[in-house]
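Presented below are the structures under discussion, each in the form of structure tokens.
Both complexes below contain subunit A, partnered by subunit B and then by subunit C.
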Partner chain A sequence: MPSLSLIEQSVITGLLTGGLYGLLALGLSMSWGLLRLVNLGHFAIALLGAYLTWFMGTQLGIPPWWAGLIIVAAFFIYGIALHWVFMRFAVTEMASMLITFALAVIIEATLQFIWTADFRRYETAWGSQSWVVGSLYFPKLNLIAFLVAALLAGGTWAWLRYTYVGRAMRACAEDAPIATAFGINHRRLSFMFSGLCAAYAGVAGVFIALVATLAPSQIWAWVGVVFAVVIIGRLGNPIGALAGGILIGVCEALTMAVVNPSWASLVSFSVLIALLLFRPRWV
Partner chain B sequence: MGDGVPQRQGDAGRQADRALSAGWSAKAARLGEEGQVAMRSGFAWGMAGALGVCALAALTSAPAQAQSDPPIRIGQTLSLTGPFAQTGLAHQIASEIFVDRLNRSGGLLGRKVEYVVLDDQSKPDISRTLYERLVTADKVDLILGPYGTAAILAAMTVAQRYHKVFIENTLGQPQLATYPWHFSATIGGPDSTSTLPVKVLDAYASTPHPPKNVMIVASKFPSAADMARGMERAVKARKMPLAGFLEYDAGTRDFGPLAARIKDADPDFMFVACLGVEGDLLLEALNKIGYRPHRHFYLYPSGLLAANPLAEGATSYSGFEDVEPYIATKEGGEFARAFDERAKKAGLPYPHVDSQAGNEYAGWQILIAGVKATGSLDDQKIAEWLDKNSVETIEGKRDFSGRSHTSATDMQQLKQAQHGRWVVVWPSDRRTPGAELVAP
Partner chain C sequence: MSAVRLPVKLGLGLLAAILIAVPATNVPAYYVAFLYLVFFWIAMATSWNILSGFAGYWSFGHAAFFGTGVYTSATLATKFGVPFLLTLPIAALLAAALGAAVGFVVFRIQRLRGELFALMTISVTFVVATIISNTPIDGGSGVYLISVALPEIFGSQNATIYLLGLFMAAAALALAYWVYHSRMGRGLFAIHDDEDVAEVKGVPTFRYKLAAFALSSGIAGAVGGVYSIYVSYVTVGETFEITVIMYPVVMSIFGGSRHWLGPALGAVIVTIALYGFAAGPQAILVRGGVAFGLIVIVLLLPTGVMPSLQRCWARLFPSLAPGRALPEPRAAEPRVPHAASVTALAPLLECRDVWKGFGGVQALKGVTLDVRQGEILGLVGPNGSGKSTLINVITGHFKLDDGAVVFDGTPIGALPAHRIAQLGIARSYQIPRPFNHLTVLDNVALAAVFGGGSSEAAARREASYWLGYTGLGGRAFHLPEQINLHERKFLELARALAARPRILLLDEVLSGLNNTEIDEAMKLILDIRARGTTIIFVEHLMRAVNKLSDRVAVLNGGALIALGTPDETMNDQEVVKVYLGKAHAV
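Moving on, here comes the complex of A and B:
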């Protein structure tokens, strides 16, 4: 029988892992829900951000927060450029999935070509440190990643809900022609929003570099679980993305603690299927 | 010119008459034609002279010919990138040292040896494809097996298809090697899943405070999972309590929840059936939650585990290290020194030879022994010779009389990370001088 401290520590671990899932899911959920583009390249871009953070930190001596600023700015521009391509060729929701899948494969191959398939670790002084509260340990970088995820999710939710631009974006997602009739420049907003989603991938990438081991094939390790998180959290719902991430993360950690570690990979889709079957009001 | 030829024939005939008057006279009388005999004798002398000149020329120009002959090409894939890259690089360095040494000592069958190594990215499917390429496109004369059970099994199908003798040095499940021309350079014997766990438990039982319970943490990677089951059987046979049996998927990178469970169980002894950097990641995860294992064993660790301060006191199996007794032989000592030097240049985090490199070197020794003994590059002849003979290697004699052409006995020792280095601690007669198994 697992002890209470094991359960508590597992919940904390799951919570913090869930924060990273939420951070990854945020951009995908926004893009899918509000731009109607299923961006599978989001995972690849996040990992590219992680590699760039690692490279800048270990080869160029640029600290991760400066690297993060550079990456976020560059990815914002990339997001705009990608959306321009989508609009130029009138890419549909389904087609966007195929195109961005191809993009992810290309990015994976490029990462492997440049940095090989070797594992890469970004060793930092904080990497092995934890804050201790009673008998519980909070790894510092994981906790910071969680807080940033919460901040971004909350900030995005408030922006969409309380600002004119945010409400306009939601209106466009609801019915673009009507929103345009009311004087909303849908085109300009969507460019900005696409850039924002890519920038979220950049933020996720910085934290992935700091807390995880990097390998090009890691892109695909997240696809299943983050898709489940996005659907559980509802499309275009930033708070939902974080909540979904936490739910999956905690369930995985508890499965590892109480049942068997190797069963953790079954958790995300089991939770998704269970929620879709019983359809709580918020799914 | 017209005069010269008969004259030479005449001269030769006279010389033949003089030289061979005794031995050939009977034959000459029988034939009844002296001139004919003289001509034949002259021809024989001419041939002998020509052969002598040829032999002399061959002797004096042998090195030049060896240089001009195309090299013997021996091909292999290794995990030079990917999760097993650290280990793969150690195998590559060991191979290069062997080939350099072989070429310095005159090569093989009078020819230089060229080592062709390709990167399989730690992926068995890529390894299989690359072995196809080695045999069909690169047209190597001989092959050696890749690193890791999955890649070996994938490559073995190619070897079988093209009838190539197949020597590998890291197959964790020899029972799966059904190819008759497979030969193992591993040191675990025919069933190390039965013998290694017993050795490990024996070693710890010999310490002043033997562990009272065991926790097994195992990758689902087939060879690691098999060894974990072997340890479970050994623990049950000794009626020791099992503090837990935790399995994780191969490729797991987040060991946080696993670490929490280990900390909660607080086992006396932790047997980790892991591969590559997994052991390091587990130790980091344990460290993040403030836990250090009391006694811990790692099955196939990366070379850098010993250099990790968190791994102080960790044990693993061994067949070769750059410490006594392995470096006591001339070849073993030279290999260890050469490896350490090249590993430093290559930037290996743990720049010391270990059993991975030792196994690779032994694999080469076995292949080359087969070629030299048969004087041939014929795979069938080499396989038949290896089947009937044993080969002395830097890790001991291999007899291939075990199941699937493994050695009949388990030759593994135990090593322990002490002050950033691996030292041999078990059995007692094979210990590094001054070293002992340290356990709380």
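Moving on, here comes the complex of A and C:
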């Protein structure tokens, strides 16, 4: 049995990793829940964002905050362009999965072609710094990532709940033709929203570059985890996405500490199966 | 038909003989290996398509079942000394069991079934890969099959592997052909278009999806078994590669996923196009290129090349094309003998204290109602009073929360919708919900097969009869989107009648029709009753309700407030209050 402090440290690590999962899940949950588009390419562009952050930081000397700004702006435009394609060709929910799956494969192939399949690590001066509370370590970067995730999730929640635009967005998800009849410009809103979801992937990408080791195949490792997070947190629910991320993160970290690190990747799947088996109406 | 079948059979036999003889001749090994690859992808794409193409549940996890097969054969042959050929059926069974287990979890979910299924299959791929690489099955170092013995046909193991590949492709095609032309195929295509309607029309959707998925996974498992000895060294990385997931999808959609032969066609074209680029650093670019091709196909050619090929074929060989003549109409025996004297007193359907709520809304609050054999019961009430919910509960689309529905002495409240349909309860939809990719004739034939229990051959003739009966004879080979709303309403009726129901539930069949059409439809309804069918008739048009109904039931706010003859109910104080407001109640 591992020591109590190891368990405590695992919970902290899991909590912080969970923030990152939540950040990744946020954009996916929003576009699935409110635009009815299942974006498998979300993971790929997050990783693309991470590679770009790493590339700009290590090759061009651009610090991550400037890189982040560039990436978020570029991804916002990418999100709008992607949505334009979906609208132009009247792509259905299921076809959107095929297209974004193919996009993910293309991005993976591109990353591998340019930067090879080798692992990449973005070393920064503050990368290894931690705040120490008692016997517990809080890595600074992970903590910042967690706070940003919480901020974005809370902000999105408040935006959807309290602003006119946010409520209009939810109305469109419920019934687009009726919402349009009430004078909501569904098209313009959905473009903006799609851009926003892609921008979230950009934010996630910057933090992934800072705290994780990069390899092109990681795209697929995330699909299962983040998809579970999205379902557990319920579609279109930003706070749920974060909570689901934290739940999975903590469960994974505990599995690593108590059982065996290599089994951690099965945790999210098991939780999801249990949820679907025993609470099929949760979805 | 039989006259044209013979040359086709001869041609197929000749092709088979040539393909079987290839390894016995001195064709260069290069071409033999290429043919094996073609067979491999034909089998993979065709098996993927059995569920994903026919029923529209896109699986991104074919690699999981393929990989299960690869490692089952590899493990059994190397670690347990099982004769290799014997490992293949075991590989198929294990892969099928895995598919069935995944299906069992996902197919029960009501919302987002398709998306959940797709994402779940991706996850399963990585879960299976993780398990295999973390356990002694692989252990991370791969498994060698070099020393595994294989019977030698034509004097070499390679020839045996080639023939196994050929056999897998042929078996996959044969199974896909069989499913495509079977009852199950008909059901799967209906699921593709509208799963809820399919279930209510009598298609056992859960069972069919599960069976199709198990079959699809099982074939992939057997193909994986053969692949393990073909490569003779298996690794987790290569077995669960993203191309194994993507290629069958690309091939099926490119070829045409609505036809049993489409995926094979796509597999041949794509394999030929890619051969030669398969290895080296170019492999990455090829993968990206294929993915790009997938996007282009989905956007620009979603039906694949098969439909245009079929049109060319029909133009070249008109005699071989399927006939466009309406099948000889035939009325099926009704489920109940002609009852000239209607309104026997025996209740055919009883709702006893039926409750149904959705979240906070109680849609039905203890409705008790009996429907007598042979009567027309008008069901009226303001919008939101629970009429549609009651229909959905009776047909089993919604499970009731409390109470009982009894049909001819049998409690049906807990039965799945398709069982209820088979017992003889059919409905029409207020807003027509035809299967959009099936012709008008096939829409009706489907109901005859699954609701009415007719054989495939009889169903088309019965469908033809009901199309004539509802005046749609000239539209038999149109798609639903090509006919107008009025015709689609009558298609709804024909589809309900083809199930030969004992009780017919009509949900606002008259709304949206003009006066002449309404008169026509009313005549039809009386005639249907005269044939012995009991009718529950939801309608807002009081002229029709008063004229047609033997009794009228009035719902308000989820509760039954009146039940009796049209005269009685229309003069009921409570009813007047609900309809006209308090001031008009005496």
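Operating definition for what follows: the second predicted complex is superposed on the first by the 278 of 283 C-alpha atoms of A that agree within 3 Å, B and C clash if a C-alpha of one lies under 4 Å from a C-alpha of the other, contacts with A are read in each partner's own complex, and residues count from 1 in each chain.
The criterion applied here is as follows: contacts are C-beta pairs under 8 Å (C-beta built on N, C-alpha and C of every residue); 3 or more make two chains touch, one makes a residue touch a chain.
Every value quoted in this text rests on a predicted model; they were computed, and no experiment measured them.
Trainee: After the superposition on A, what does A:A253 contact: first (subunit B), second (subunit C), both or neither?
Mentor: A:A253 contacts subunit B only, not subunit C.
Trainee: By the touch definition at the top of the document, which applies to A:T163: first (subunit B), second (subunit C), both, or neither?
Mentor: neither
Trainee: A:N185 in the overlay: touching subunit B, subunit C, both, or neither? Say first, second, both or neither.
Mentor: In the superposition, A:N185 contacts neither subunit B nor subunit C.
Trainee: Which partner, subunit B or subunit C, is in contact with more residues of subunit A?
Mentor: C
Trainee: Using the touch definition from the top, say if A:G14 reaches subunit B (first), subunit C (second), both or neither.
Mentor: After superposing on A, A:G14 lies in contact with subunit B but is clear of subunit C.
Trainee: So, does A:S265 touch the first partner subunit B, the second partner subunit C, both, or neither?
Mentor: both
Trainee: Between subunit B and subunit C, whom does A:V38 touch in the aligned arrangement: first, second, both, or neither?
Mentor: In the superposed model, A:V38 contacts subunit C only, not subunit B.
Trainee: Considering only the contact definition stated at the top, list the common interface residues of subunit A for subunit B and subunit C.
Mentor: Common to the two interfaces on subunit A: residues 112, 221, 260, 262, 265.
Trainee: Could you list, by residue number, the parts of subunit C that touch subunit A in their complex?
Mentor: 56, 58, 60, 105-106, 108-112, 114-116, 118-120, 122-124, 126-127, 130-131, 134, 242, 246, 249, 253, 284-285, 287-288, 290-292, 294-295, 298-299, 302
Trainee: So in the complex, which bits of subunit A are touching subunit C?
Mentor: Interface residues on the subunit A side: 32, 38, 40, 85, 89, 91, 93-95, 97-99, 101-103, 105-106, 108-110, 112-113, 220-221, 223-224, 227-228, 231, 235, 260, 262-263, 265-266, 268-269, 272-273, 276-277, 280-281, 283.
Trainee: Which part of subunit A faces subunit B closely enough to touch in the complex?
Mentor: 2-3, 5-6, 9-10, 13-14, 17, 112, 116-119, 128, 130, 132, 137, 139, 212-213, 215, 218, 221, 252-253, 256-257, 260-262, 264-265
Trainee: What does subunit B use to touch subunit A in their complex?
Mentor: Its residues touching subunit A are 81-83, 85, 121-122, 220, 246-249, 251-254, 256-258, 260-261, 263-264, 277, 281, 284, 287-290.
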